[in-house]
Amino acid sequence: MAFTLTRIQRAEADTIEDSEEYILNMGPQHPSTHGVLRLLLRCDGEIVKEIKPYFGYLHRCYSKVVEDLTYVQGVPYSDRWDYLASMTNNHVNCLAIEKLAGIEVPRRAEYIRVIIAELQRIASHLFWFGTQVNDLGGYTPFMWAVRHREKIVDIFEELSGARLTYHYMRPGGVMRDINSKAGKWIEEFIKELPQHMRNYDDLIMGNEILLVRMDGVGVLTSDLAIKYGISGPVLRATGVKWDLRKNIPYSVYPEFDFEIPTRQKGCSLSRWEIRIEEIRQSARIVAQALMTLPAGDYKAKVPRAIKPPKGDVYAAIEAPRGELGMYMVSDGSTKPWRVHCRSSCLINLTALNEITRGAPIADLIAILGSIDIVLGETDR
Amino acid sequence: MIEKDQNIAPTQKHLDQPIGSDFDQNLLSFLDSEFKKRKTLDAILGRFVPLWGILKGLNITRKAIFAPKSTIQYPEQKLPVAKGFRGQHVLLTDPHSEQLCICCGSCVNICPVNCIEIKFEQAKETSKRKRDLIEYNVDLTKCLFCNLCAEICPEFCIILGPKYEYSDITRGLGNLMVTKETIERRATNEEYDEILAKKGPKKSAATGDTTKAKPEN
Amino acid sequence: MPPEVKNTYPEIESCLKEIAESFPAVEIDRERVREQVAVLVNPSDLRKLMEKLYNWKEYPLNYLRCITAIDRLTHIEVVYVLINIPGGGGLTVIARCPREDGKLPSVFDLWHTADFQEREVFDFFGVQFEGHPDLRRLLMSEEIKGHPLLKDYPKGGDPDDLVTMKAYLPDGWLEKMQAEKERLKQWLKDEVEKIKSQGTVKPEEKKEKKE
Amino acid sequence: MFTWILRESYKIGLSPTIPAWAHDLWFVIMGLLIFAVIALPLIIAVAYLTLWERKILAWAHYRLGPNRAWGYGFLQPLLDAVKLLIKEDIVPVCVDWPVWFLAPIVAFTPMVACFLAIPMSNAFVNMKLQLPGDTEPVMHVFQVPMIAGNLNIGLLFILALSSLVVVGIFMAGWGSNNKYSLFGGMRSAAQIISYEVPVILSLLCVALLAGSLSTVDIVKAQKFIPPGEMKTYLELDRLSMSGSGFDYTKRGDYLNLDYFKNLEGDEKIIAAGKLYHRYNDYVNTQGSPRLPFIIPLFIAFIIYFIAGVAETNRSPFDLPEGESEIVAGFHTEYSGIKFGLFFLGEYGNMILISAIAVTCFLGGYLGPAIPGMSWITASTGEYIYYFFWFILKVCLLVSVMVWFRATFPRLRVDQLTDFAWKALLPISFINILIVGYMHFADWNFISIAETNWILWYDNIVRPFEYPFLRALMLLFFVPIVSDYVYRYRKVIMPRFIYAEIAFILAFMGYDIFTLWFGSKTFEIVLRCLLYAVALFLTIWMWRDVILAMRSGQQFPNLPEEEAMGMVEKVKPGPLGVQETIEIPTTSYARE
C-alpha cells in the first residue's frame, strides 16, 4: 500500500510542470550516510528525483602506495579498505598473491581461513543489522548487535592480536595457528548463536513498522542488477543464485554443505532476509569446518621476498558485501606493477540512482542502509 | 613443534597448544535443530493478533531492561588483553639487560610505513657484540601494528607488547614517537628461554650473530 | 590440496574461435592472466567485440566484473573482466590505447556498471571514454591536475598544480617534488627507449640497480 | 498548605463581605500562587525525566546509563542545564531572525500554560463564610482542587493550547533557513494536525461520560463508588429531601437553605455540606459508572495515548527530529539555551500528555486507600496523598513512552498520516457511537436489552446514521483505495452518485411513511430494503477495484505516467538542465 502511495505521489510529482525542484546536499557529514558519502539529491518536496553521488572523501591512494611496497608489505594496507570485514580483505589479497606466485596453501590453513572468513561475515552482517535498524530509527538493536559482535572481535583478538585491522591472513597461510582457547570461544559462539537470532527476530523482525518501512522499497529487478554489476546479497535478493563460494569456488568451500539463500522481490526486505539467512548458513559452515579441522601446518614456507613470474591475475572472493576482487599485475620483480581493488560497495552504489528514483528521503536512507556500504572500501 | 619458518610470530609459545579436530561432532546437527525450532503458538498469534510483532518487541525489551548489564566501567575496570596482543612495541634485552638487538635493520626494511628508525655505532672490541644500539624510535602515528617487524626480527627481540594506552596530545619525540628508553625492558626468563629455543637451531644462519648465540647463565 | 579450479569452458572456446575468425586483429593470450583467457584488442575493434560478447546467443557475457587499467609506459591497457551469469565462464578483454589523451568507446550502455569504473579509470589514467554520460573524476577532487596512477606522476602529488600543493605541503618540499618530477620524466624516457630497443620492461630492477 | 493559605488569608481580614472585584482579585492571586507552585517543579521534573529516559534506554541496551555525576547520575540534569546555559548561542547567517528567535519561546510556553488546567491534588476546606442565601456567615465545606485555573472548559483550553506547539516548531523550521529544518517543520505540522483529530474524538467520550469539560469535574466523576451503593444513597437523599421540594439536579439549588427550615443551626450547615458533596458526586456523573474511565473507555484511552505520543514527536512518530533522515529536524540550527527550550518543551509535552491521560482516564489524583494510612485526613494534609497518586500515574505513563522509544523504529511520513486518517480516525468514530449508545443506555446492559428498539433507533441510530453510513463509505473505501480511485475515477463516479441518490431516498422515506401511514415497522422494513440497494450499489461501485486488489494484478498506468515515460525504466544520467547549478554547501555561501 505504501508503495502504491509513493507511486501515486511520483505520478503527481511528475505531472506538475512547474514543480519547484531543488538541490539537497546530503553528506559528507550526515548521520546515516555511513561515513563520508556525499549525495547530491534533486528533490521535489521529499520525493527524490535524481541522485548524484560524490566519492573520495576517504581516498587513501591505496593503488599508488602499494606499487612501492613488496607483496608482503602490501597486505596490512588491505585491512583498511573495509574496516568492518578486514579478514576478507586479507583473504582476497593473499589469494591474488598466491595465484600470482603459485604458492600452495596448506589444508589446515585453508580451513582456518574459511572459519575466520565466515565468522567475519557473521560479524559484518551483525553490524549491518544494527546500523540498518538505526537508520530506520530504532536504537536498541544497534547496541545489541554490537554487543554480540564483540564476541567475534574477542576471538579475532585472541587469534591475531588486533581488534579491528587484523593482519591475520598472510600469503601462504595464516599468521598464527588457531589455539584451543579461541577454538573453545568459537564453539561457544556458534552454540549460542541461534538463541541470539531468535531474540533479534522477536525484537525487530516481526515488527509491523519495520515491515511497512522495508517491504517493496527500493525494488531492483534481476536483469537490471546484472546490468549494473551488483553482487552479493543485493544481487541474491533479486532472485539470481550467484555466490562465488559455489559458482567459482576459491578455497575449500566445495567441501562444505551450505545453501545460497535467494529471494524474488529484490526489495529492501528481501535483502534483510538474505543477510539474516546468510548468518545462519555461515554458522553452519563454521560448524562443519570445526568438526573436520585437519592437522598440519598453518603456513606454507614462503620466501622472504616473493618474486612472482610476469603476468596478471584477477582474484575474487565472496565478501560480506559482495564480490571483492583484486586485479594484480606482476612484472617479475619483488613489487607489484599495478594493484587494483574491485570494490563491491562502490559498484553496488551504481544502481542507487535507479532504485531510489521517486522514493521519499526516508526510503532513500532505508535503501542506502540495505545496500550496506562501507566508505573505506568505496574510496580505498 | 615450533616452526623454523622465519615469519613465525615470537609470541606463538605464549599461546596454548594448537588444536586438532577435538570439537564435538554434533555441532552441525545441533545447529540445524536449533535453527529449525519454531514457536507454533507464536506463529498462530502472529497471524490473528493485530500488532503482535510490536507486542513481542515490547516484551523482549522489557526483559532486557531488567536483565543484568554488561557495561565495563573503563578507567576502573579493564578487560584482559589477549596474549600476543599487538600494542605498543617492546624492545627486549636479556635478563641482565644486555642488548639483544644486532642492529641488522630488518625491521626498518620490512616496515611498510617506515615508522622505525634506528641509530647504532660500531662497538668496542671488548664487548661481545658488534654494534651498539643508540636510538630505536617508533613513530606510533604512522605505525600499522602489522607485526611484520616482530616476525622478521632474527633475534626475536622486538615484539608488539600488550600496551594499548599510548594516546597523547602531542606527537613529538617521546610522546607518540616512542624512544628506546620507553620501550626497552628486560625479558623474563621464560621469554628468554623461548628466544633461545627459536634461535638455537639456526645458529649458523647468515642473519644471526654466532657469538651471541649462547650467553652465560 | 586445494580443489582444482575450473578454468576452461567449452562455450568460451567456441566463442574464442568465432572471435578469431571475425576479428583478425585481436590476439588471444592464454598465459598472461592466470586461470583466464585474455583477448587483446585495438580501440577500433573494442566496441564491436564488446557488443558481440554481450549479445552472444548461447553464452552471453552479461556480467562485467571489473574495469581497470595498466600503465605500460608506452601505452595504457584497459582491462575488462567479463563473465557469464550463471555459467561462470569468462574472458578478460584488454584494450590498448595511447598514453597521451587516449580515447576508448564507452561500454556504459551495455553494462551500466561501467559508470563508476570508467570514471575511475579516467580519473587515474586519463583515458577518455567516448559515449559515457558524464565523465568526471570519481575519487580525486576536480581541481587536481594530472592523473596519479601514471608511472611518471610524482608521489605526493603533481607539483605543478599549486592550488592543492600549497595547501598541503611544508616549505621546501615543492622544489624537491619538482626535481622528483624531472627525474621521473627522464626515467620514463629511458625506459621507453629501452623497451623499444629490447621490447622487455623491467623498470623495477633497473631502479634497484640505480639505488 | 492550601488549607493554611485560605485560613490565614481569612484571618488577615479578607472578610466574606468584600466587594466582587476583590473577590475576583483573590482568585487571581490564588491562580498566580498555584502557577508559581506548578511551573518551577515542572522544570525540575522535566530535567529529571531526561535522566530517567537515558537510564531506561541504557538498561534496554544492557548499559548502565549516566552514573558519573554524583552517585547514580543525580547531578547529570543539573550539569546538562548548566552546560546548555553557558554554551555559545550560535546565530547562523541569513536566518529569518525574529521568527528564528521567537520559535523556542512559542514552542515552550503553551506547554507550561496547559498545566494551569490540570488538577494535581485535592483538599477539603471547612470555613465560615456567607454565601448568597446565608443570613449570617456559617461553616461551609469546600473541595479546593489543587489547580491553577479551575476552568469550566478546562479540556478545551488544554486542547487549544497544546496544539499551539506546532506553530513554534514550524517557525523554527522556517526561520532556520535550512532545508532539513524545513522538512522537520513541515513534517511536524502535518503530523500534529493529523493526530489532533483522534485526540479530540477520544477525549469527547470522556466529556460525554463526565458531563462536563471541567477537568476537576472529570476527575471527580471517576471517584469509585460501587453502583449499588450509589443507588442506595441517592434514594436516601430522595427520602431525606421528601417534602422539602429539593431538586438536587439543579445546580446552585443546594445553597438555598430555605429547604432546611425544619433543621436547626449546625444540622442545617451539615446538611448543606452533605448536599454539596452529594451534588458534586451526582451531577458530575449523571448515570455514568463511578470508575476510572479507562475501564469503560479502554479503546479511547489506547487511541488517545498513541495519538498523544505522536503529538509529542516521540518514537515511533519522531519524524520531525528523526536524526537518521533529517539531521536534527527543526532544531538543527539551534544551540545553547534555545535548544534547551525546545528540549524542555518536548519533554514537558511528554509529561503533559501523560497528565491529561491520567486526568481523563486513570482517575486523576484519586487513588485507592493505602492500608494503614487511614490517619490521612483533611487536617493532616490529604492533598499530599492525592498528589502522590497523581505523580505515580504520570511517571508510569512517561516510562511507557520511553519504553516505546527503546523498541520501535520510525514510520514514514505517508504511513504516519495513513495511520492517523485510516486507522485511528474510523476506530474513534465507531468508538464514539458505541460509547454514546452505552451512555444513553445508562451503562446498564440489562436496560439495553430492555430498551424498545424503535426508541433505540430513533434516539441513537437516526442522528448518526447518515454521517455514519457515509463515513463507512468514505473512510473505509475511499482512502484505502485512493490510488485505485485515481485510476478508476471514470468508472466509479457515476455509481457513486447512484448510491448517493439511494441513500437520500431512504432518508426521505422515513418522514413520508411516518406522516402518511404512521407505520414504523413497514417504514423500517422499506428503509432496510433501500439500505440494501445502497450498499449493493456501493459494493458494485468498488467491484472492479476490489477484484483487482484481490487478484493483485498490475493496474493500468496513468496516461500522464506513460507520457512521463515512467513505465519503462529511465536511464540514470547527469542532472540535465541543472548540470551547472551552484550549490551553497554552507549557509554562509549566500552572502
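To keep things simple, chains are lettered A, B, C and D as they appear, and every chain counts its residues starting from 1.
Everything below uses one rule, namely that contacts are C-beta pairs under 8 Å (C-beta built on N, C-alpha and C of every residue); 3 or more make two chains touch, one makes a residue touch a chain.
Please read these numbers as outputs of a predicted model, since none were measured by experiment.
Taking the mean of each chain's C-alpha atoms, the chain whose centre lies closest to the overall C-alpha mean is A.
Between the chain pairs A-B and B-D, more C-beta pairs are in contact across A-B.
Subunit C and subunit D have centres, each the mean of its CA atoms, that are 68 Å apart. Look at where the CA atoms of subunit B average out and do the same for subunit C: the two points lie 39 Å apart. Work out the mean CA point of subunit A and of subunit B, and you get 26 Å between them. One inter-chain figure worth recording: subunit B and subunit D are separated by 61 Å, centre to centre, where each centre is the mean of the chain's CA atoms. Counting partner chains per residue, subunit D shows two or more touched chains at residues 60-63, 406-408, 572, 574. Multi-chain contact residues of subunit B (touching two or more other chains) are listed as 54, 57, 61, 64, 70.
Shared interface positions of subunit C, defined as residues touching 2 or more other chains, are 112, 115. Residues of subunit D touching subunit A in their complex: 57, 60-63, 179, 183, 315-316, 318-319, 322-327, 405-415, 418, 480, 482-483, 486, 558, 560-561, 564, 566, 569-570, 572, 574-575, 578, 581, 583, 585. Every residue of subunit A that touches subunit C in the complex is listed here, in rising order: 55-56, 59, 61, 63-64, 68, 99-100, 104-105, 107, 110, 224, 226-230, 240-242, 247-252, 254-255, 311-314, 316, 323, 325, 327, 329, 331-335, 337-338, 340, 342, 346-347, 349-351, 354, 379-380. The residues of subunit D lying in touch with subunit B in their complex are 56, 58-64, 403-404, 406-408. Contact residues of subunit C toward subunit A in the complex are 1-3, 5, 31-36, 38, 62-66, 68, 70-71, 79, 81, 85-86, 88, 92, 111-113, 115-117, 124, 137-141, 148-149, 153, 155, 201-205, 208. On the side of subunit B, the complex with subunit D involves touching residues 54, 57-58, 61-62, 64-67, 69-71, 73.
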